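Next come two complexes built around chain A: one with chain B, the other with chain C.
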Partner chain A sequence: MDVLLAQLLNSLLYAAVLFLIAGGLSLIYGVMRIVNLAHGSLFALGAYVMAWGISRVAGASGAEPAYLIVLLPVAAAAVGATGAVVEPLFLRPLYARAEEYQLLLTFGLLLILEDAMRYIWGATPLTVSPLWASFGSMHVLGATYPRYNVVVILLGLATAILLWAFVFKTRFGVILRATSQNRRMAAALGINVSAVYVQAFALGCLMAGLAGAVIVPIQGAVLGMGVDALILAFVVVVIGGLGSLEGALVGALIVGLVRTIAIQYFPELELAVLYLIAAVVLITRPAGLLGRA
Partner chain B sequence: MSGVQHSPDAAMPLDTARGAHGVQPALWYTAALALLALLLPFLEGVPVIGWLASPFQRIQLTYGLVFSIAALAFNLLLGYTGLLSFGHAAFFGGAAYAAGLLVKYLHVYSMEGFLLAGLTSATVLAAVFGSVCVRYTRIFFSILTLALSQVLWALALKFFWITNGTDGLSIPTPILLGGLVGTAGDKVRFLSFTYYYYVLFIFFICVAVMGVIAASPFGKALQAIRDNEVRAQFVGIGVRRYRWYAFVISGAFTGVAGALFAPLNGLTTPDILHWTFSGKIVFMTVLGGFKSFIGPILGGVAYNYLETYVIKTTEYWQMLLGIILVALVLVMPQGIVGVFAWGSRRERRNR
Partner chain C sequence: MPLLFAQGLRKSFGETRAVDGVDFFVESEELVSLVGSNGAGKTTLVNLLSGLLVPDAGSIAFQDTDITAVPVRDRIRAGIARSFQLVNLFDQLSALDNVRLAIFSRDGTTRQVLRLAERNRPAREEALEVLRDFGLEDKWDTPAAGLAQGERKLLDVALAYALRPKLILLDEPTSGVGTREKGTIMDAVAQLVRERFLAAVIVEHDMDVVFAYSHRIVMMHQGKVLAEGTPEQIRADERVAAALLGKA
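The block that comes next holds the complex of A and B.
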């Protein structure tokens, strides 16, 4: 029973992080019709900035939970700012051109970002596990579970609710949805589409950065983590439906659960099982479980 | 092909003829380059270009030719059908692994055996992957090809008792043409002379066959699909079926490249199944220019030189490739071929 509960919590933890990454990817696609291949690298960037920040602030002595509260927004905002620079500089010239060019360009950005992180922070992984340990553990229904992991799950949940409220209950959300449905009509109604694009792209990147920053005390910042995350985020959005935030949430939960089960029982086929699910969803429901056709 | 009738004037010359100018020079250059490649091993003593003919350079060129075959095959999908695959590593690496497994389990050392195994496995893989992937276009197609190829990579990595995991499978010097050609002597001599000609010969065959396919009514039908799917459907082209054919042909030729790569590299590691390798094939094609038939050939050769010489100078070659790719997309989308075309246009204007 304890093991089962811990596994369930693990899959929720995993789903929370995946939702943050895939939600950002999906948001950007929904508004701008761009699939950002460098999205995973921005997740990794968030992780590196967080790890670097904590080691700078706290030193080797260990870390206080307070650092998390201070540095989490900083790391996420740094990645969001990167996005706000990338969009007008590199992506904007391509909107009038064929879709292949956007994919090629973001692939180029992926290569640049991966090596830039290697250049800045070196090839050895950065870890900040003292921060994770400083949260201690707690009892959940008789099982002992790390408290930090619960914080991450709650953070994922809070982000999902906030994002929903943001998109469906605020003025900016209305503008965002209007732009996503009909760019020209939105522009004709006086909406500054360029500004909406920058904001949407930055917001999507910020979510990826937040995911990276929040996962780093658990697993550290490693080279290649971005590409792995990108692939899994793809699976999530394919299952849930590209461009749909609810879809990203459902997809993240499914992937989180399946992956935990797969690692437990047939670790060799973990990725294969996930892709199999994605392929089955694509064949039976091409737009994803909750996607717009 | 296959039952669908096309008007005879659909069978126009290759894509290089687009815009009517530059056909004759292009043909000339191609013939000159082919002749140069054929004579290369005998030019070692020639003063100015002798360094190009050294064994090391010939092995580099062999790598380049192998990549060219893969890029050319890839471009049947990107340039001609308008589908951007991020999963061609599956066919390249799959074929190389087929050769490796042939050595490991069946103790076959025949190069023709490698080619046959590579071609078969890549064709089967492409037929299966294609049947799923061609249901979608644009970004979904790219994601699906990427995802499926990653499955293969994960399998190669995790079933290490079969594939030796990250160590990879080693491939010894193969027997060419059933032993008709002597393969004795040292490895460098073999790779830079005997194997160089072997690859060059297959390269010519592949270019010719793909050229014929691209210029055939079938190739024109693919371009019609690329330019306007709905119209293509209205003139009676089975769009999805044609896309699938293109996918399988593309995968099969990529498999030939993979099988040729295996003995050249002497080792097959999961790297060549990883999606970043697919990305490299994409890069080569864009570097050469995916709007023309010969672009990917130049791209494949140029990419290999770039990688060889850039890796030597910097640890951060990936970043450099990324910067080049971004620059290509933003300011030079026609690639190397575009630069030549631009040059020849200027020349004509000045005349």
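The block that comes next holds the complex of A and C.
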């Protein structure tokens, strides 16, 4: 029973991080119709910035008390700011062109970001596990579970709720949804579409950065983590439906659960099972479980 | 000076002179119809007036201010709104949200972006009132995609009206709907002109509609103004009859 509960929490932990990544990817696609191949690298950037920031603050002592978690929004905001620079500078000139150019450009960004991170932080992984350890563990229904992981799960849940409220309940949300549905009409009504695009892109990047920052105390910052995350985020949005936030949530939960089960019972097939689910969804419901065809 | 005053407007697309030296004006509280065969330059003229296109030559003044090169967004702020020939709605948003969006846009997108839309009572009340003006209040919760064609046309005009313009440009507001719905749409527009002191420019093909509702008619042909006058004057103009017959 304890093991099962721990596994369930593990899958929720994984789903929370995946939702942050895939939700941002889906948000950007939903509003701007851009598949951002650099999204995984922005996730990695969040991880590196968080790890670097903590090591700077903690200094040589190596002590990383729990309050350093306040750096989370800082790291996320740094990645969001990166997005706010990238969109107007690199993506905006390409909106009039065919989608292939945008794909190529975001792929180029992926390569640049990966190399930039290698250049700045080196090939050795950065770890901040003392921060994770300083949170200690807690008892959940008889099972002992790391408290930090529970914080991450709650953070994912809170982000999902906040994002939903933001998109469906606020003035900006109405504007965001309208722009995603009919860009031309939005412009004709006097909405500053360029500003909406920067904000949506930065918000999507911020979510990726938050995911990276939140995961780094658990698994560290490693070169290549961005590409792995990108692939899994694609599996999530293929299952849930690209451009749908609910889809990203459902997809993340499915992938989180399936992956945990797979690791437990047939670890060598972990990724294969996920791809298989994605393939079945693609064949039976090409727009994803919650996507609009 | 009239509300809107355009002089010597020219716009070419390659070799085609879509608008070829047009003078055009609209007085306050006036309903002007733009007529002419397809390709006469009506929509191009509307695009120049609304800011979607910048003229190759000529000038446009609105309320005595030059707006020739002013972008769409700022023209809306100045008081010029438009609707398109093809219905342009946010299909998945409710009728209310469609109108509310126009209101949010008009009030500025930068302030209070995080404010809950539902809590924004004035915007909600105003949007409902606009829907009422167009007889759509019962459909406030229906997604735009679920409305009948005539209702979609009405909502389209309502969106432009919700921007609280002084001048509204409507590109074929009654195309693709039945005769009775044409009357409904035009009655709504005429009422706004009469009771809300709006000026309107309407691109229209149905001459019965044009004669019934216009204060003034401007007939375009091959990028130029061919004739201009009251419905009676236009009805009596032989050049207009010839051009209309030529089209048919």
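Simple rule for what comes next: the second predicted complex is superposed on the first by the 283 of 293 C-alpha atoms of A that agree within 3 Å, B and C clash if a C-alpha of one lies under 4 Å from a C-alpha of the other, contacts with A are read in each partner's own complex, and residues count from 1 in each chain.
The rule we apply is simple: a residue touches a chain if its C-beta (ideal position, glycine included) is under 8 Å from a C-beta of that chain, and two chains touch if they have at least 3 such contacts.
These numbers come from a predicted model, not from an experiment.
With the two complexes superposed on chain A, say which partner A:Asp115 touches: chain B (first), chain C (second), both, or neither.
Touch status of A:Asp115: first partner only.
Scan A:Ala187 for contacts with chain B and chain C and give back first, second, both or neither.
A:Ala187 contacts chain C only, not chain B.
If we overlay the two complexes on their shared chain A, which of chain B and chain C does A:Leu157 touch? Say first, second, both or neither.
neither
Examine A:Ala81 and indicate which partner it touches, taking first as chain B and second as chain C; both and neither are also allowed.
The answer is neither, since A:Ala81 touches no partner chain.
Scan A:Ala178 for contacts with chain B and chain C and give back first, second, both or neither.
second
Quick check for you: in the superposed arrangement, does A:Lys169 touch first (chain B), second (chain C), both or neither?
second
As a test of reading the superposition: which chain, chain B or chain C, is in touch with more residues of chain A?
Tallying touched residues of chain A, the top partner is B.
For A:Val140, decide between first (touching chain B), second (touching chain C), both and neither.
A:Val140: touches no partner chain.
In their shared complex, at which residues does chain A touch chain C?
Checking each residue of chain A against chain C gives 166, 169-175, 177-178, 181-182, 184-192, 195-196, 292.
Mind pulling up the chain C residues that touch chain A in the complex?
Answer in residue numbers: 50, 52, 72-73, 76-77, 82, 84, 88-93, 97-98, 100-102, 104-106, 109-110, 112-118, 120, 159, 163.
Could you list, by residue number, the parts of chain B that touch chain A in their complex?
78, 82, 84, 86, 132, 135-136, 138-140, 142-144, 146-148, 150-151, 154-155, 158-159, 275-276, 279, 282, 286, 316-319, 321-326, 328-330, 333
Which residues of chain A touch chain B in the complex?
Residues in contact with chain B: 29, 35, 90, 93-94, 97, 99-101, 103-105, 107-116, 118-119, 227, 231, 234-235, 238, 242, 267-272, 275-276, 278-279, 282-283, 286.
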